[in-house]
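Read from first to last, the chains carry the letters A, B, C and D; within each, the first residue is number 1.
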Amino acid sequence: MGIPVGVIGASGYAGGELLRLLTGHPVFDLSYAAASGRTHGEQDPALVSVHPSLRAGEADHRMGEGLRLSRVSATEAGRRCAAVFLATPPEVSAALAESLLDAGVEVVIDLSPAFRLRDPGLQRRWYPDVRRRGDHDAVCGLPELNRGALADARLIAMPGCLATAAILALLPLCGLPDLALTGIVIDGKAGSTGSGDRLRRSALHAARSGVVGPYAPAGHRHSAEIREALQARGLTTVGGALRLGMSVFAVNLVRGVSITAHVLQDPAADKTGDVDLTQLFRQAYRDEPFIRIRDWAAEAVPLPDPRIVLGSNYCDVAAFRDADANRLVIIAALDNLIKGAAGQAVQACNIRFGLPEVTGLAALPVYPS
Amino acid sequence: MGIPVGVIGASGYAGGELLRLLTGHPVFDLSYAAASGRTHGEQDPALVSVHPSLRAGEADHRMGEGLRLSRVSATEAGRRCAAVFLATPPEVSAALAESLLDAGVEVVIDLSPAFRLRDPGLQRRWYPDVRRRGDHDAVCGLPELNRGALADARLIAMPGCLATAAILALLPLCGLPDLALTGIVIDGKAGSTGSGDRLRRSALHAARSGVVGPYAPAGHRHSAEIREALQARGLTTVGGALRLGMSVFAVNLVRGVSITAHVLQDPAADKTGDVDLTQLFRQAYRDEPFIRIRDWAAEAVPLPDPRIVLGSNYCDVAAFRDADANRLVIIAALDNLIKGAAGQAVQACNIRFGLPEVTGLAALPVYPS
Amino acid sequence: MGIPVGVIGASGYAGGELLRLLTGHPVFDLSYAAASGRTHGEQDPALVSVHPSLRAGEADHRMGEGLRLSRVSATEAGRRCAAVFLATPPEVSAALAESLLDAGVEVVIDLSPAFRLRDPGLQRRWYPDVRRRGDHDAVCGLPELNRGALADARLIAMPGCLATAAILALLPLCGLPDLALTGIVIDGKAGSTGSGDRLRRSALHAARSGVVGPYAPAGHRHSAEIREALQARGLTTVGGALRLGMSVFAVNLVRGVSITAHVLQDPAADKTGDVDLTQLFRQAYRDEPFIRIRDWAAEAVPLPDPRIVLGSNYCDVAAFRDADANRLVIIAALDNLIKGAAGQAVQACNIRFGLPEVTGLAALPVYPS
Amino acid sequence: MGIPVGVIGASGYAGGELLRLLTGHPVFDLSYAAASGRTHGEQDPALVSVHPSLRAGEADHRMGEGLRLSRVSATEAGRRCAAVFLATPPEVSAALAESLLDAGVEVVIDLSPAFRLRDPGLQRRWYPDVRRRGDHDAVCGLPELNRGALADARLIAMPGCLATAAILALLPLCGLPDLALTGIVIDGKAGSTGSGDRLRRSALHAARSGVVGPYAPAGHRHSAEIREALQARGLTTVGGALRLGMSVFAVNLVRGVSITAHVLQDPAADKTGDVDLTQLFRQAYRDEPFIRIRDWAAEAVPLPDPRIVLGSNYCDVAAFRDADANRLVIIAALDNLIKGAAGQAVQACNIRFGLPEVTGLAALPVYPS
């Protein structure tokens, strides 16, 4: 007797990953899959012809021809699902979430940025074209930040993949007194699935392969999420608000995100020079099943690296001190389609329904690959 | 109350994959791991420091500091394990298998080529330096070929990754009368993990990245296995023995193997021109949980492709007819560390112990990645 | 006092490569560049904004803002150019070549397949949608095959990249008596620039990266060119016409093509068993500046490999014998945008205008890269 | 009548690139090549068997069997060469430079870090194992910084690839008053050729492919060079010396380096808010043949990117302002084997001998590749 769930936006990369994880989930039953681009037709395609990697073996019928990609219908989703995952563009999510809740869906988990920012002014500045419908307050879906609030949430806004990595890198610093921050720079490196499957010339293999392409030197939208989340936890730079900038590079990965948080301190005022950073991070995340703190003394290869979390819901984190530059260097890496999207959404949904948090998410990384 | 198993050769790529699969296996208990290169020291390293991808989350203790990499000891393995997987070089396997059986291990599953060839003359020609110790007859571990013989095997010889793909590509042709073969050419493409982690200049990233490198234009050792297995099933070329050649290329993959079997027919004698190849293959493999027959009419991307099986125990197969050249083209792709090594070994071991064949091997491919 | 030349189709990959080579050519003056997709507008874009890799340094004005991407005009091309390179789709080339010649262009060098096949029946079968205009006979532009006929050509049809590699691999066999061929299989591996920059989902980085994708298991259009060229030089299989099939795979390269010609012989009739293949090939190509015969005894890495010709006009070739399978294995690799397209077109144009064949093409490969 | 030059350390990646550039150089004659690892043997190997990419075509004898890889001999080098390039480890360079000068070599151009740091204290701290022999003062070989001093140099110390990129990114800021810097962070991304061809497990393709591996989170040795060079030009942070930290990541490139200089300013004191950065950089580099300032308004793809300089001696630079974080973002990309090593060394040697600076270095980037 599983809990029936659905996926809207099931034809894209994050949607496909949700299908994969839900197919292997022991409690959630995938009972509805739809894509917003689909028009009403005579014949809905089988999910396995849209996502041929998910086809079962000849003698196995887990996901045979049965499940099909429907057109989007809030009514239908409401009839079939207790929970619906939205892997849709923000404009679509902003409009759809309310309809789904009205149609009787218990909880909507939105992977888009539609509901992420709490401050209406920030929302207008960063997402001027996204008009939220309804007055449901969204709850941030990052378990490590907000686990307690998920139990009775109706609308859960999952953070972006870069924001997840950056917030997890910086969260343990939030309680630290006398850090004397003068500025934080996030340098992000991202694989191609993070940009979705929209057709554009710069996304072609011949154009995108082998790049170290600065696609957002400044002003990436995730920087607003990161600032809002961390300021809410008390992280500030000397003299006022949090000065945090982010630059993001496309690198030659399909899957995976790595961020480096360069944390600059005022050498005159910093009193944290003898804090053992690895211990601080271990302590902060001691109850977390999906955070792994890396300690260079024990590792065979340079870590964190998105390769070494690939296929898993882990976020690897390591912290370093650069005494020459009064700088802390915190690196976090995750699989952008799992801990940065579908996996973390399932994790949040597990919490929402009172299941053990790791249910369906225990896969170890597929390495080397 | 699981079945205790061990891995010798646990520090390499196939060894690490065995550790990963066994950690997630619901019946086999990983109770011993050793590496043949390890010398006796004061302190055995933790497995997770040798394979940092396998480290558990901060709040999870599946594979914490507990399991360590021991030095190789047949006695110790015999005391602790019902089954032992050997991911060792053929010279080591050839000597070790008997000691393990003598020490009380119920079954040894060898991933090396030490015991693959049945004909002693072929063995001497292709592996002159490998001296098998003992008189245990090895059973071929390819389930699709030899499932029945695995139930009471004591020594199981797993086929090579290229051989697995090639045999699975050609097996359905074995029963076909009037095929009038004039020759078969296997063109293989292989990722870098297939060559192990031995240090050599040609294996460096700067040398190996981006190659289409013909590392075995002719005379690859897997070709002997393939010929022996197929001839035993009655596949021959017109006029006598099986004329089958293989050329293998290093390509820019870490994981994955693809082979193309180009099957040439005598146009005058061939009477199979109206056989529906896809149906033939579907029928041949209708009871197989890990074979997926691909039909271009239903696929979104060109298949089979090793990418689309990555992280899974699937072997994808598709067959085409080239009327212009009296040629069948059969393509097979698999993950060389799973269906080509560790996964197939676990599959054989499942059969050996009467477990459902898919136990611990149900993971769907991680795609795209 | 250079020879003025133009490029039509200058916005694509082959077009960009023509611009690069012509910019560095000491005799040809790039005096016209156009793209068929361009509409007439107020302002033509600078070539360096379409191809930012070609921008000159701050203090260098080789290709500054001067050259612009015009709309296509045969009249304009005729006024400005002695020779025009067409890097356009075959439908466009088929219509444009005659207009250019009529407008006074001395020679048109077409990189598309529009004029490649000589047999009208083959042309109709393989390119049903390409209607050649005019009655100009095209001359095949492969210098190693057809150097003599280029000196007074008006319309030169450059062979495809795979066809160039395959013909160069097989040409030295053409004169060989008693070869007793029973069939030839070409297994091709190709990078993504070979398919052009048309937008389609399967060409996205996330879809195309890391593939070994059989995009043409049989029936690739280049196979018709290859058969026609080799049959014209007398290569046949026992019992009649040339049985030659080709299968082509997309691999994880941007630039580069590798083909393997698997040449099967009748063991009873073959009398070439003691031919020294490397010597045969060295002899056949002893006057060729752009062919390099590879001998495994002398090479540090497995060759031929498209990596090791990257950035150059070389085609590397090596031949092997597989006695176990009565098979010759001939491997050829080239840079598909240079020897497979733009470079070879410049080479043909050099010959056409009586220049030393290597003019502007002397760059050594950029390796490793 | 060329100028005879030699390369010591000719078997590695930078050595091979020197051979390639010198083979195509119209004035320098490559007359000696040696490798420090070579022992005296009966037969020195041909250079083309060590670097098979450099082999000439069958009918071309530029670099046939003639040039061989000798053992290292300062006497021999002195007899044959006016200039010697050292692509050797720093310990070797430190000892060899003096012997070469004593043997009559006019100028030694060292690509290692042996002679880079001027301050003896810094040298002892960062290179404790490198003992410089002799009392020759080395001149920094970065032309854009130090062109004037090269004309009569006897010992030229080429900067590292990351240092070249970082210094070129920051140099235009050196003259700027009221910048009110509070700190600079360099985030570097580097390909595998930058680490040389030493055998180690982490450099294997299977281990290094697909990484975003933080191999130097802090304390990279190039950071000392960068600080010394920029402080000498007057760049400081508020309150004293230059606070500059660097973190370097291995990324999935063979060739290429990208650095991002995140420049943090004190929002209260900064008076540069209305400076047009692109104009500032254009002006600073207006006489430079190998610097290209990128302006996002004119580019088709995100730049600078090491892909788009590959095969050339260009360094691409772009500057951005992040008003949200009081930050300047300056990105520089280069080919680490050319502008980051061999090409820049040839550029410096051109200046030393009074040749036009671009001699032999005019190749445009090979893109896309």
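Things to note:
Heads up, the rule we're going with is that a contact is a pair of C-beta atoms (placed from the backbone, for glycine too) under 8 Å apart; a residue touches a chain by one contact, two chains touch by 3 or more.
Note that the structure is predicted; figures quoted are calculated from it, not measured.
Greatest centre-to-centre distance from chain D is found for B, with centres as Cα means.
Fitting chain B to chain C on CA positions gives a rotation angle of 180°, reported to the nearest 5.
Interface comparison, A-D versus A-B: the pair with the greater number of contacting C-beta pairs is A-D. Note on chain placement: the centre of chain A and the centre of chain D lie 38 Å apart, centres being C-alpha means. Per-chain CA centroids place chain B at a distance of 45 Å from chain D.
A separation of 35 Å divides the Cα centre of chain A from that of chain B.
Multi-chain contact residues, meaning those touching two or more other chains, occur in chain B at positions 13, 193, 201, 206-207, 209-210, 252, 254, 300-301, 303, 368-369.
If you sketch which chains touch which, every chain touches every other chain without exception.
In the complex of the two chains, the chain A residues touching chain C come out as 13, 191-193, 197, 199-201, 203-210, 252, 254. On chain D, the positions that touch chain C within their shared complex are 13, 16, 20, 23-24, 46, 49-60, 193, 254-255, 282, 285-294, 298-301, 303, 308-311, 314, 358, 362-369. Those residues of chain A that touch chain D in the shared complex are 182-183, 185, 187, 189, 201-202, 206-207, 209-215, 217-219, 223, 239, 243-245, 247, 249-253, 256, 258, 260, 262, 264, 267-268, 300-307, 318, 320-322, 324-327, 329, 331, 333, 368-369.
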